[in-house]
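Notes follow once the structure below has been shown.
In this document, chain identifiers A, B, C and D correspond to the written order of the chains, with residue numbering beginning at 1 in each.
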Amino acid sequence: VTGPIWQKSDTTVDDRIMRFLAGEDVILDRQLFVYDIAASKAHVRGLARIDVLHADESEQILGELDALQDAFESGEFVLDERFEDCHSAIEFWLTETLGDIGKKVHTGRSRNDQILVATRLYLRDQLLDLVARCKDVASRALDRARAHRDEPMPGYTHMQRAVPSSLGMWFAGFAEAFIDDAMLAASTLDWISANPLGTAAGYGVNLPLDREGVTEELGFERTQLNPIYAQNSRGKFELQALDALGQALLDVRRLSWDLSLFTTHEFAFADLPERFMTGSSIMPNKRNPDVVELLRAAYAVVPGARSELESLLSLPSGYHRDLQGTKGPLLRAMRRGLDALALVGELVEQLEFDTERLREAINSEMYATDRAVELTSEGVPFREAYRRVARELDELGDRTADDSIDARTSPGACADLRLDELAQRLDSLG
Amino acid sequence: VTGPIWQKSDTTVDDRIMRFLAGEDVILDRQLFVYDIAASKAHVRGLARIDVLHADESEQILGELDALQDAFESGEFVLDERFEDCHSAIEFWLTETLGDIGKKVHTGRSRNDQILVATRLYLRDQLLDLVARCKDVASRALDRARAHRDEPMPGYTHMQRAVPSSLGMWFAGFAEAFIDDAMLAASTLDWISANPLGTAAGYGVNLPLDREGVTEELGFERTQLNPIYAQNSRGKFELQALDALGQALLDVRRLSWDLSLFTTHEFAFADLPERFMTGSSIMPNKRNPDVVELLRAAYAVVPGARSELESLLSLPSGYHRDLQGTKGPLLRAMRRGLDALALVGELVEQLEFDTERLREAINSEMYATDRAVELTSEGVPFREAYRRVARELDELGDRTADDSIDARTSPGACADLRLDELAQRLDSLG
Amino acid sequence: VTGPIWQKSDTTVDDRIMRFLAGEDVILDRQLFVYDIAASKAHVRGLARIDVLHADESEQILGELDALQDAFESGEFVLDERFEDCHSAIEFWLTETLGDIGKKVHTGRSRNDQILVATRLYLRDQLLDLVARCKDVASRALDRARAHRDEPMPGYTHMQRAVPSSLGMWFAGFAEAFIDDAMLAASTLDWISANPLGTAAGYGVNLPLDREGVTEELGFERTQLNPIYAQNSRGKFELQALDALGQALLDVRRLSWDLSLFTTHEFAFADLPERFMTGSSIMPNKRNPDVVELLRAAYAVVPGARSELESLLSLPSGYHRDLQGTKGPLLRAMRRGLDALALVGELVEQLEFDTERLREAINSEMYATDRAVELTSEGVPFREAYRRVARELDELGDRTADDSIDARTSPGACADLRLDELAQRLDSLG
Amino acid sequence: VTGPIWQKSDTTVDDRIMRFLAGEDVILDRQLFVYDIAASKAHVRGLARIDVLHADESEQILGELDALQDAFESGEFVLDERFEDCHSAIEFWLTETLGDIGKKVHTGRSRNDQILVATRLYLRDQLLDLVARCKDVASRALDRARAHRDEPMPGYTHMQRAVPSSLGMWFAGFAEAFIDDAMLAASTLDWISANPLGTAAGYGVNLPLDREGVTEELGFERTQLNPIYAQNSRGKFELQALDALGQALLDVRRLSWDLSLFTTHEFAFADLPERFMTGSSIMPNKRNPDVVELLRAAYAVVPGARSELESLLSLPSGYHRDLQGTKGPLLRAMRRGLDALALVGELVEQLEFDTERLREAINSEMYATDRAVELTSEGVPFREAYRRVARELDELGDRTADDSIDARTSPGACADLRLDELAQRLDSLG
């Protein structure tokens, strides 16, 4: 529709360069557009409060911003290569519909703080979603820990059979992991909840903007005060949000690795729900745990996005066009990561275990540690007990897995899983 | 159009899971489709040579593969979410148009070797492009080195003025860099030029496939023989191609950093062509070197893609669905990186320097090293000469930049740039 | 002194393999040894509380642990290759000095939870240090912002002169950055403050350990309950601590980049204290800002350590020897990063600016944005005002930098830096 | 012993800053010292050829450089914190022993090209070692492939049993992998074999240095001509050497993952030699495959070192002190990676397989693909054959693994492993 905002009459622009400048920016902006509109509304109300806009001007602009959002959501308005970015699209829409009044929306702001605030609002929503999904997984894992509290399964170290464990302890382990992940996502949300709108191009503006009002209207915890810092924080806050996502995906990867092992023919401990499986194009006999593999793979988007972002940030203060490159990796990683997390709760809930096979996989040598610890209560120093048991591994045959897990009374272990305490932590996340 | 190839009648598939499985796979496959078709043709001819297909069957299939390519290129056939991936699309087209004959194309191959060979062919083209673009930049930099051989400019270490240098040496430095980059891209191309087609799902097949014939037809340097290794090399070869790209982009970043400094008001050594500049949405006075900044940013896609790929590869032997995740980062990084490189030659050619200002920026202290070395020819040990000159920095005032660079006779330096030797190296790359 | 704890009589161990297994582990353990001793004391007191150790046994062990700490700190006891790791050294010392009683210390624990708790205590101290150093930098930057509140300096975007700014705003920007960094370090400290001791090899133990007591004695915020999760969290918590460090180092890098530019001959805005400079081995005339460059470089240890750690964590549940590799990158990055931060406060305090030169660097075109915003108050729509000012850039000559920054009244900008609000945030960090 | 070379009388140096500047530099330099000495000798001979040094001067210096090397290797001369770096140590030694003549060694060179050439010589040796170790692994894997050519083992995709495979094919897969790795290491060696000595601080020197002579004496393939490029290549060449190492370690990781699975109780396909195993500190029953796990972990040093290096390289042209940070990650990664590789050959050679168990693990459904392909020779289109076999999976019971692998005649597969061709490729590496 239009050339770039900054275009002056005497400039001709080479198409290839324009395409390189644009990259996939405007397509990515589709994910940020509603946040840009929301922030624009807050900006307009703020301008009205300091009398830079008349009441009727701000009303008209707010009305058209609502109309634009409706048109975008209905598909009537398409954000595409006609526009340089979502910011230009907003100004274009307002100018088309309102003429001179529309040209006033950009008073006291820059695309530099506009993209910052849109991204910040976007990150806030993603982190809220992350908290919710982690809590969902944790909650279902807790339910299953309760249901399987007393079912033995072998415990491994170095992928070698080590000591008896329980299905309850396995599920509770993931419950606690995702509770911690939710806690981290929540505190990351607090940290990034700082409003950059009103810092303009990175040096503020000669207007007494009502920034506190805008901060409150947009629901931020605090105002990011300093304009230079606001610019310098681009990428910083994105990295921290990616870390929070990454922590959850690290646990998804552990879970997926366990399931990938447990569903081999050799382990055969667990079955996936049918719809989590696919077939092969050449081997008629195959049923493959593809979803579990793609869940395991999901973490990769985080180091990918982090490395890409980090490589962009070695710069002096102030805005640089390099920062445009932060958008793609952030949006892609967030979407893929949260899509993965959205499947985990159901998987945890529907996973089936072959409890008979789990029990059979506990062989008698695995009671050695129990026995060594018992000897200490007879006064044998642990290191002595350890050596004695190592010599007598074949004398452990009459023990049972049930006895072993019943005796595992250290807090958090099989006989004392502390599920209520975990449930309380989960609830306290609000 | 169709469900997945492996779908059996008793399977229902949950939409959300299907979307997660698909990811953006089929959209990415648009960049691989022509390679998949080319490899399919070679596969079909190979099957005909061992009499698995009759001559007329292979002719019909080859005809339809050509037709599919035409339809794809004309936009008549769209590769989209109707298909699981590009491989399924080919089989679908052949079965639709040829019935039972079409169902024969997948004999003796798997999607596992199909994606390997398509990616390998794609990488080969990207690396050829990389070689060409590096050579182009080097060639233009050599031209400019010749043109500016005797123009002084200040040389910096630690971003501090150090010794006189020349514009010719600056351009020649980038020429040699991109020659080395082209050399590396060429040897990487040799290394990855190994044909994996004919290894099926990773264990070969009970047919005496004519793999050498296919290797030759597709123009590979060697056959990747072992099917287990063929699978295990997924990601490995991609990483190496990304490295070759990365080496060139590291030099683009250096060049861009120099230009970013040189175009500041404070340095003011260089001017960019007008069309490499843009404006600001809030500041009417700005002309910004956005293209240079995005060129500097371009390298970031390489560590981003590398990190994402690497995170996927911690796996036992054999195909795993995790590997699907290698596709996106590879294709995105290659495209962005090569698009960036495509602009560099022209930039190097059109860049303008303010030679007067370059000359003025050479102050007299910068002759200190020259003087210290001269003293050594009078028998003063270098470390003594160094100390003496440090005490007499104000006695260097009558020297000129021209004298300094004329005397810089060490091979490769200002007075002996060895441009012909660089030109020979460039030519020898073929 | 001894072979490994687990060594049985029938094993011979190949030296080369042993060296590979050991790596640099025991040398790195020197940084963890005091934490291992502190945790051992808490473990011993816990065993006494549940009557696994008699009062006099625990007293003797505690006494010898204190003696070991003294001997280590005085250099009398050297932790070196004689020991497999710091855990073995403790057990060796106790057994040498106390005989059978010493052999009891390992009752109910494993090296798996021992390394977890020692690392966690170490991380806590590092994060406390990180909080303190960020607060120190922020505090000094605030002082300087107050002192230079009204001194103009040019503001840059794209490294191009953009609008007038102030030295006060520049210092305040770093103050706010390091306040946020301190806030993040503090919340990361909360998050990792979870006691893993008492989870043994990853499956708990058949003793009713008093874990809450140990948690309290060691000053942790909560108990990490689940033994499987405790193992799975190895690396996870380390990554998060590295992120907190990284956020601070990102700001150190920005600051260093600014100073690297500001100390060029071309900008010449700032001078470094003499002792932050070094010379050259060949160029007698050079004074180089090496410290600033190494501060800029310091961030690199974080992505380095993160990538190395992340690459290790693609594993199923439970301990794996791979995890030993998390130690080196963590300890190296923490030490280098905190050493860098320790220099920044002083640098911020002692940095000298050439205020005259800063003022001269503000040319008249930089008032264009001020003028465009002013026009909006006369009712000219911003986009119109922007175009008009772009045409009349040469009419801005009678404005002054002082007027411009006095008029910059948007909260956080030059005329309203909100230093008191920042000081309050800093104080509220405790 | 001495303060820094560049120290002038009026400078006082703060200890803490000096420690930060030094980092661990001089300790790391121990690995580079012999290369610095070798390059110094070539530099001295070059200076003599252009008459900057008299014959007797150069003889004396060369004699003392040999003496220094002897003293260093015998431990008589210790490179430690007394020196700023290894370059200063050389100059110190020569000045101490030869007085004024010693002060002449630094004529026409800078520490900037000195560290470049020492690192380049070091990299060359590491890459030669890498080639040798990859060839050793490949050679032993080929031997074992020959020995186990006809022994069936199950082939997996998605970690699910897929089709019959053979032990010969598994070993041959790793042979081909390490042949490719050796090939890459060799071509990387060619690429980095460029002599930077004679480029001084990055701008050459006013002496007609005999650079070709030095290049030849040091055994480089070509001279790195341009001094600016020589500086800009710092880090670039190191990254490429790390990549070559990384490719080999990726294959070590695959191999280790396979062995980690194969040595579980559940798979129980393979046994490690006793000395590749260790025990547990708490569990008397454990024998753990620690070496295999640390081999799997070894790859992590490469992305760690790469990320750290890459983060340092976003800089304008010319030397910057940031580059000092490239040394540590490079040296650590090379050492750890090559130490790991040194164990792999022996592991491959001594690994024992339970061939009975491997055979039993092939169940009848795994013949489905064979059957489907056979049907195509009866004219059934493959996709039809696939569907038919999927319905009749229980009719495959009378097939044998031996028949299946004998029929796998596609080149590279079980019945046609092409070991001679692989051996030829290995031999052709020289």
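One rule holds for everything that comes next: contacts are C-beta pairs under 8 Å (C-beta built on N, C-alpha and C of every residue); 3 or more make two chains touch, one makes a residue touch a chain.
Bear in mind the structure is a predicted one, so any value in this text is a computation, not a measurement.
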item: Of A-D and A-B, pair with higher C-beta contact tally; value: A-B
item: Far-end chain from chain C, centres as C-alpha averages; value: B
item: Distance between chain centroids, defined by C-alpha means - chain B, chain D (Å); value: 23
item: Distance from chain B to chain A - Cα centre to Cα centre, in angstrom; value: 31
item: Centre-of-Cα separation between chain D and chain A, whole angstrom; value: 36
item: Residues within chain A bordering two or more other chains; value: 5, 8, 106, 112, 157-159, 162-163, 200-201, 260-261, 280, 282-283, 286, 288, 290, 293, 296, 299, 303, 306-307, 310-311, 314, 320-321, 369, 386, 390
item: Chain-level touch network, classified as line, ring, star, complete or other; value: complete
item: Interface residues, chain C side, partner chain D - complex; value: 4-8, 11-14, 16-17, 19-21, 23, 87-88, 106, 109-112, 200-201, 274-276, 278-283, 286, 288, 290-291, 293-294, 296-297, 299-301, 303-312, 320-322, 324-325, 328-329, 332, 336, 339-340, 342-343
item: Interface residues, chain A side, partner chain D - complex; value: 157-163, 260-261, 263-267, 280, 282-290, 293, 307, 310-311, 314, 361, 363, 365-366, 368-369, 372, 386-387, 389-390, 393
item: Complex contact set, residues of chain D against chain B; value: 5, 8, 52, 91, 95, 100-108, 112, 155-159, 162-165, 169-170, 172-177, 180, 183-184, 187, 190-191, 194, 198-209, 211-212, 222-230, 232-233, 235-236, 239-240, 243, 246-247, 250-251, 253-254, 257-258, 260-261, 296, 299, 303, 306-307, 310, 313-321, 369-370, 373-374, 376-377, 381-384, 386, 390, 404, 407-414, 416-418, 421-422, 425
